[in-house]
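Starting off with a structure, shown below.
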Amino acid sequence: MMGYSNIKTPIIIVNFKTYAEATGEKAVKLAEMAEKASVETGVCIGVSPQFVDIYKIARRVSIPVFSQHIDPIEYGSFTGHVLPESVKEAGAVGTLINHSERRLKLADIDAAIRRAREVGLISVVCTNNTPVSASAAALKPNMIAVEPPELIGTGIPVSKAKPEVVTSTVEAVKRINPEVIVLCGAGITNGDDVSAAIRLGTEGILVASGVVKAKDPYKVMVDFAEAALKA
Amino acid sequence: MMGYSNIKTPIIIVNFKTYAEATGEKAVKLAEMAEKASVETGVCIGVSPQFVDIYKIARRVSIPVFSQHIDPIEYGSFTGHVLPESVKEAGAVGTLINHSERRLKLADIDAAIRRAREVGLISVVCTNNTPVSASAAALKPNMIAVEPPELIGTGIPVSKAKPEVVTSTVEAVKRINPEVIVLCGAGITNGDDVSAAIRLGTEGILVASGVVKAKDPYKVMVDFAEAALKA
Amino acid sequence: MMGYSNIKTPIIIVNFKTYAEATGEKAVKLAEMAEKASVETGVCIGVSPQFVDIYKIARRVSIPVFSQHIDPIEYGSFTGHVLPESVKEAGAVGTLINHSERRLKLADIDAAIRRAREVGLISVVCTNNTPVSASAAALKPNMIAVEPPELIGTGIPVSKAKPEVVTSTVEAVKRINPEVIVLCGAGITNGDDVSAAIRLGTEGILVASGVVKAKDPYKVMVDFAEAALKA
Amino acid sequence: MMGYSNIKTPIIIVNFKTYAEATGEKAVKLAEMAEKASVETGVCIGVSPQFVDIYKIARRVSIPVFSQHIDPIEYGSFTGHVLPESVKEAGAVGTLINHSERRLKLADIDAAIRRAREVGLISVVCTNNTPVSASAAALKPNMIAVEPPELIGTGIPVSKAKPEVVTSTVEAVKRINPEVIVLCGAGITNGDDVSAAIRLGTEGILVASGVVKAKDPYKVMVDFAEAALKA
């Protein structure tokens, strides 16, 4: 896809958030499990660790690493901000933008997508509903991940609780920009949820606690990957 | 100081911001120059690189590394935020809080200082004037760095342009909490500015472009350190 | 238009910002001039005063009054926020959303437009460029006012300095949602700028200093209105 | 107090938030009840309505009216912001600053207090705990209202659930600035809670749902006022 050699669909992106189970050395271990699950199943699995862990993880694994956020800034006086160039040099191939826990202003989403494109980072814009997904599509990101915020972390999968949000998002996004890849997320905990998401028209999922908080994250990732293939 | 074995005053903290000259591999090189200048002069020089560069730098140098910001959060669902525990595990010994380019809400500064204390990070709260410095002192950070924002990056040193801001800040902070170390910053480009800052009652400086954008950052840091000693 | 009896195009909306010349009693006087200019020319002229002045102005004039902002909230515990219902009850018929001086998060623009619709307020979403305008169009506001921020307050009219921004915005917005009315703003100071804006495909303008800071605001508004008619 | 002729302690400030029961015409009625309760008991009762209702209320009642927020701005280009001068001209005598539902950056609290002083508005800074109250005291507001956010709207009164927060706040604030008047709030629903607050060293309370959501707000305000007098 898009000249990023190790990215293909279906794709599973695991958001590490700031979970204890996915911080520092534990984040590296989890990324290694993701790599192993990816190699075993042939499905693309990306990881999205905290900023400080990007470099360490990118050196150890060859699966795609995504930043959890970038700021729409250039080199300069921006203490405490996340520079797209830094994230790229540290080894990330892409970035989440506008996650529900890190919402951005509209003009900043536009600028962040443009900055991601300039430095060669894949942009994955998170959205909360169908109109916002359509709105994001007009900004030409590489991917959109729709996640109804009320389902995040609940274990109630969007693909079952709100299938119409997924299908209407796919339709609205493709109408505005057919090249945008649509993912969905929120409440996904097993392979069935993943297959359902794919059958509804998405090309993958964004998942966090469903993997990170699982007893056996490796097993869950293999399960997800196989379900994505079969769907 | 405070049980942090490699911290002592006078201290010079170099803020790398998101400068091109202080990103990625260049950030590592700059940190190595800072370490060399510190070893040569015996003065404590700390560096404050971007989040993604903390780990790489902390592994290569033994001078104190400061994060440019932390969020007042705990382990959990905070995508795109900066977890104090992560920064600590990556090798930082302290953190800037409330830099003029990353201002925080009052309640969040309080919470960030408390979180820094909990995980064992030195807190350096940046402030813009005397009342705000006094206000910050009541929150019991380890250090306060006063920087009149209108002088940042100008080359007009606060220690000369606004000496009364420095002296009144030292006085106001010490009255509320005598244990807080006061630094100053903004416009510092040579040894004289550093000596002046120390003579006005501070125990060090926070500097960015004066070092990072210098033709020979190593020489400037040595110059600063020697001036700090002689003051 | 849209069941709002006193709204028609071309429309001129005068943003009072927090200018001294447009605060309190002076705001009332300026609104009265706008009404007089509207009556005299037959062109729709709306005013957008500060929150506290909405009630006073709406009682005195019968031209459309727009709030400068609403928060995407409902009745409840939102101290210090701007409730759409309050603005409506005070006499506003519409509201600006996402002005360049009051940018909102994407999800909040979506929610604010929906709340405006629910309470019967015309939504005028301000945007900074063509992609952001297209993005806003997908959220189905009543109007979009594109204003390149670098031209705001300069006296260099967008309709002359960046005509391609205006035409590409009209095209992009209409493609996504043909019902959205497109205005433009920034740097407009005379009738020629207004005619140019209309000829480029807009149905009106959003103006601030060009009217408020003018020696004779009444005369300028008449001039603008006549130019809008002739274009 | 402070040259504001109609302000004296003990004081009860009723925050109208954006409650349906305290919006528009209902806000005026509630303010009239507050005035009647004030006249009947001789206790100072202030009201803090939404921005758009300030003018209407200030014209009808002679009790003190407080804005729920001001922005630390001057006349100029600040669309959608709350100008201290406007609020004052509309009839407010004071303003809340930094309510838990409208938290501000530290530098902005400092600037907002200064702006309030410049235009002659009483500043009431809301805080969430003792260190933050001490911190706010260093900025020299007229009043500080401490409200543990976890108790707001619960009906569990701070004066009973966390008396030590109230006493330690009074002590910390007075140590830094003895002229600052301390109020407390959160969970206050009856006269006993008010007396307890006063006995703990405060000079009044900030209350919202306890009055606004009461079956008979007038009766509750009389009850509060009498309890404040007897304490």
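First chain written, first letter: the chains are A, B, C and D, and each begins at residue 1.
In the analysis below, contacts are C-beta pairs under 8 Å (C-beta built on N, C-alpha and C of every residue); 3 or more make two chains touch, one makes a residue touch a chain.
Just so you know, these numbers come straight off a predicted model, no measurement behind them.
Look at the CA centroids: the one farthest from the centroid of chain D belongs to A. With centres taken as mean Cα positions, chain D sits 37 Å from chain B.
The mean-CA centres of chain B and chain C are about 45 angstrom from one another, to the nearest whole unit.
Each of the following residues of chain D touches two or more other chains: 100. Interchain contacts close the chains into one ring where each touches exactly two others, per the touch definition above. Pairwise chain contacts present here: A-B, A-C, B-D, C-D [touch as defined].
Those residues of chain C that touch chain A in the shared complex are 98, 100, 103-110, 127-129, 131-132, 134-140, 172, 176.
Touching chain D in their complex are the following residues of chain C: 15, 17-20, 23-25, 48, 50-56, 68-69, 73, 75-83, 85-87, 89-90, 96, 99-102, 152-153, 208-209.
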